[in-house]
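In what follows, chain A forms one complex with chain B and a second complex with chain C.
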Partner chain A sequence: MSNWIEVCALDEIDEEDVVPFDHAGHTYAIYRCPEGDVFATSGLCTHERIHLADGLVMDDIIECPKHNGRFNYKNGQAQGAPVCEHLKTFATKIENDTIYIEVAP
Partner chain B sequence: MTLRDYSLTGASSRLAQEQGLASATWYQTDIPRKTMKTLMKRSDGPAIRDTAIWLLCLVSFATALYVSWGTLWAALVFFCYALLYGTASDSRWHECSHGTAFKTPWMNNAVYYLASFMVIREPKVWKWSHARHHTDTIVVGRDYEIMGHRPTRVLRHMLAMVGVPQTWGTLKSLVRHAGGRLSADEQSFIPSMELTSVFRTARVMLALYALCIGLAVGFQSWYLALIIGPLPAMGGVWLAYVFGLTQHAGLAENVLDHRQNCRTIYMNPVFRFLYWNMNYHIEHHMFPMVPYHQLPALHQLMKHDCPPVYRSTWSAFKEVVTAMWRQRKDPEHYVRREPPQNPAEDIATTTMAAQTA
Partner chain C sequence: MSQTMVIIGAGEAGVRAARTLRQHSPDIEIHLFERENGLPYERPPLSKSALLDEAFTRQLIISEEELTQLSIHYHSDTYVDELLPASKQVHLSNGQYLAFDKLLIATGAKARALPLLQQKGLDSHPLLFSLRSAADCQRIRAHALAGQHVVLVGAGFIGLELAASLRSKGLKVTVLESQARILQRAVPAPIAEVLAQAHADQGVDIRLNCQIEDIRLDHVVEVDLVGQTRLTADWLVVGIGAEPNIHLANQAGLALENGIKVTAAMKTSHPDIYAAGDVCNFPLSRYGTQVRLESWRCAQEQAEIAALNMLGHRAQYEQAPWFWSDQYDLGLQSVGLSINPVTRLERRYDERTRLYVELNEQQQILCACAIGPGNSVAKDIKVIERLINQNSTVDITTLGDVNVPLKSLLKRAKECA
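Moving on, here comes the complex of A and B:
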């Protein structure tokens, strides 16, 4: 069963940027890629649990603001040391200029 | 006298974890997101320029050493060459380990491996130890890169000015890693998936150093020995060691606020070039993904929230030496750096001083 949660208005995220989103005790990172599409991952780096929403988005990459750990936020793939574990990703959709992510019920 | 356990597998390590000092949340100055994005933005230009100047200076001084060989001028030329070799390579190693010097990853990696070879530091091992240093800065039992162990070991620091313990320590670890083994401390911060790479890199580095020494011996050339390999690194490390001591030594251990365990120092342009702006050390630790060439701008945005800046390298180093001299007999002594008072700040998160074993 799908469980779509409203995140924020689309224009609250700049292109090539990320914002944090907290829901039910979990932290997520919500991205807008340079082309304008929206993606979502778990919000904490798999290396040292740093908030990724404080990091820098470069094309398809989110960089952890503490240790330079990098992930492809579109598929969650870790790009090499110091991150070894991939990020969890979540489905997103945009309806009426509002962003939603699908989380486990 | 209280003896501290600086190992990463002993009582201090357990205590740090019990007290919430490991992988903790650190104080950060509030800087608007848009500004931080601008500061963190990468570019190749400044680092290409500075690396070109650095390499050109190295080649120029190496040539000058060859030309002046046998005269008294050669000593002065070697002094300058060794600083570029042993001190400037340390800061290049450091900045490239953060992946922030260049925008282009292969450029970061190329300078990182070159500088690691020059400064005699294992690139894989130090990548992980430095990540830990930023996670748990000067937390006893967690940070592998604490230079100012208490009580102060004066002889060790004097020998370190000419690179003896560093070079000997790296030689031992290279042999250990080339043989496929990690120490207990290293096992605590290097993930198992990196082991093959650590061991392979150690074998390559041992072979390269053996080649350097072999060429110098084979050609019976002191010139070759002073141009590449351990000797120029040891001859020029003293200033990097002075810089390194001013970063944290003599300040508080086991606090979760970089304003209390790092120093920001105003340095002259030559030192800032050699050091790649790491004199802005509070700024670097609080926001490690800001490239070195943006640290002066970051400093302007944060200085109102930091303790007074040291006006010169000498003023900071004098404080370090005085504190470390006292710590020979009194390991509990440290220099208290009080951040500006801010009523809105949660004091509990910034002053979590803890007893160490």
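Moving on, here comes the complex of A and C:
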């Protein structure tokens, strides 16, 4: 069963940027890539559980605000030390200029 | 025959070197020696979460499984007591000799002792503390009881992080600093001011321009200060910086200069011996200078460069150095070096969120330091780090205007490139 959760209006996230989103005790990071598409990953770095939404988005990469762990936010892939564990990713959709993510029911 | 690589010291630099060596070469033999007992652990938490968390834990840099999986021979509780550069061997504390093809010295730094206490023969008094290792942290934890009074000598990063942690645990904290402000050498005044205010708000007593006349350690600590009332405390921490562990390098006749002198390839004066991390003094061509830094990230990046070169690559260390500090709810980040700045400007988002930037004559950023709640300044510092590493010329009006996102400078730099 799919479980789509409303996040925010599309224009609340700048292109090539990220915002945090909390739902049901979980924290997520919601991204817009430079082309404008929306992506979602778990919100905490797999290295030291730092909030990724304070990090910098450059192209397809989010860089953790603390220890510079880098992930591709489109597929969650960790890009090398200090991070080796990938990020979980979540499906997103845009309806009526509103962003939704699909979380486990 | 496969090559043997020896790494002395399993801190950030040593472990990163071992990983990098393995990543690029499946066949070499890698030996990693560590004087301390147990698995390699992260040091930054020792002045922060490791003191505050309910139970003490070591945050490991690498697990036992990973060491096995990467076939890294890890020898804890074992140290190199002699380095024989002519025969390319190390003599180990267990009496054995091991021959190496390439060697990395990553022995780090040790806490600087207070000369006064050394002269009085008090350097290992039970009421005297310093902080470098997990054992030091555990010793402090065992003494950090709410209501006790601790005197910290030195308002550097370790001293101030300890002050914040101990204050949060309910201790009475007095910090003694000989300079006119905290973090005099490391942080620009407008940023240090925010931290000083946070400590004052939390009730930490920071005494500046302070001259210690005498210290007595008995059942209590007594500190005589020039022109001030005598301080009495339960215990004493000395945090006045660190000295590189150069004993082996010195004995081996390697070139020294405030640490082990290396090239940008992290090579020492011996063609098969490298050094990385807190122990080395390295050139930064961007700044036309040679420096020794105590930085978690520098140690890793340098170790990566050293490892690549040990394998015959031609890599050079060129990154602008970066570091951070956490005190209370504030996060400080800094990038670059303040070498001959011409222009200085501040971007003040609010009283507690500030970015301070220094530029050269060509309007290229030399360094920046920022502070704010949590990791709120991280994005700005990351943008600046990129601007420095790309040698971008920046528009000073944009840089100083809080209403224009800093990232726009990166985009502009990209378009101009």
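Basically, the second predicted complex is superposed on the first by the 105 of 105 C-alpha atoms of A that agree within 3 Å, B and C clash if a C-alpha of one lies under 4 Å from a C-alpha of the other, contacts with A are read in each partner's own complex, and residues count from 1 in each chain.
Just so we're on the same page, contacts are C-beta pairs under 8 Å (C-beta built on N, C-alpha and C of every residue); 3 or more make two chains touch, one makes a residue touch a chain.
Values in this document were obtained by computation on a predicted structure and should not be read as measured data.
Considered on the superposed chain A, chain B and chain C are sterically incompatible, since they clash. In the superposition on chain A, A:E15 makes contact with neither chain B nor chain C.
Within the superposed three-chain model, A:H47 lies in touch with chain B and out of touch with chain C [touch as defined at top].
With both structures placed on the common chain, the touch criterion links A:D37 to neither chain B nor chain C.
Of the two partner chains placed by the overlay, chain B and chain C both lie in contact with A:G55. According to the touch criterion, the shared surface of chain A, contacted by chain B in one complex and chain C in the other, consists of residues 48, 54-56, 58, 63, 65-68, 81-82. Residues 16, 19, 59, 296-297, 300, 322, 324, 374-376, 378-379, 382-383, 386, 407 of chain C touch chain A in their complex.
Looking at the complex, you find that chain A touches chain B at residues 17, 47-49, 54-56, 58, 63-68, 81-82, 84. On the side of chain A, the complex with chain C involves touching residues 16, 48, 50-51, 54-56, 58, 63, 65-68, 81-82. Taken together, the chain B residues at the contact with chain A in this complex read 23, 36-37, 40-42, 98-100, 124, 127-128, 131, 134-135, 191, 193-194, 287-289.
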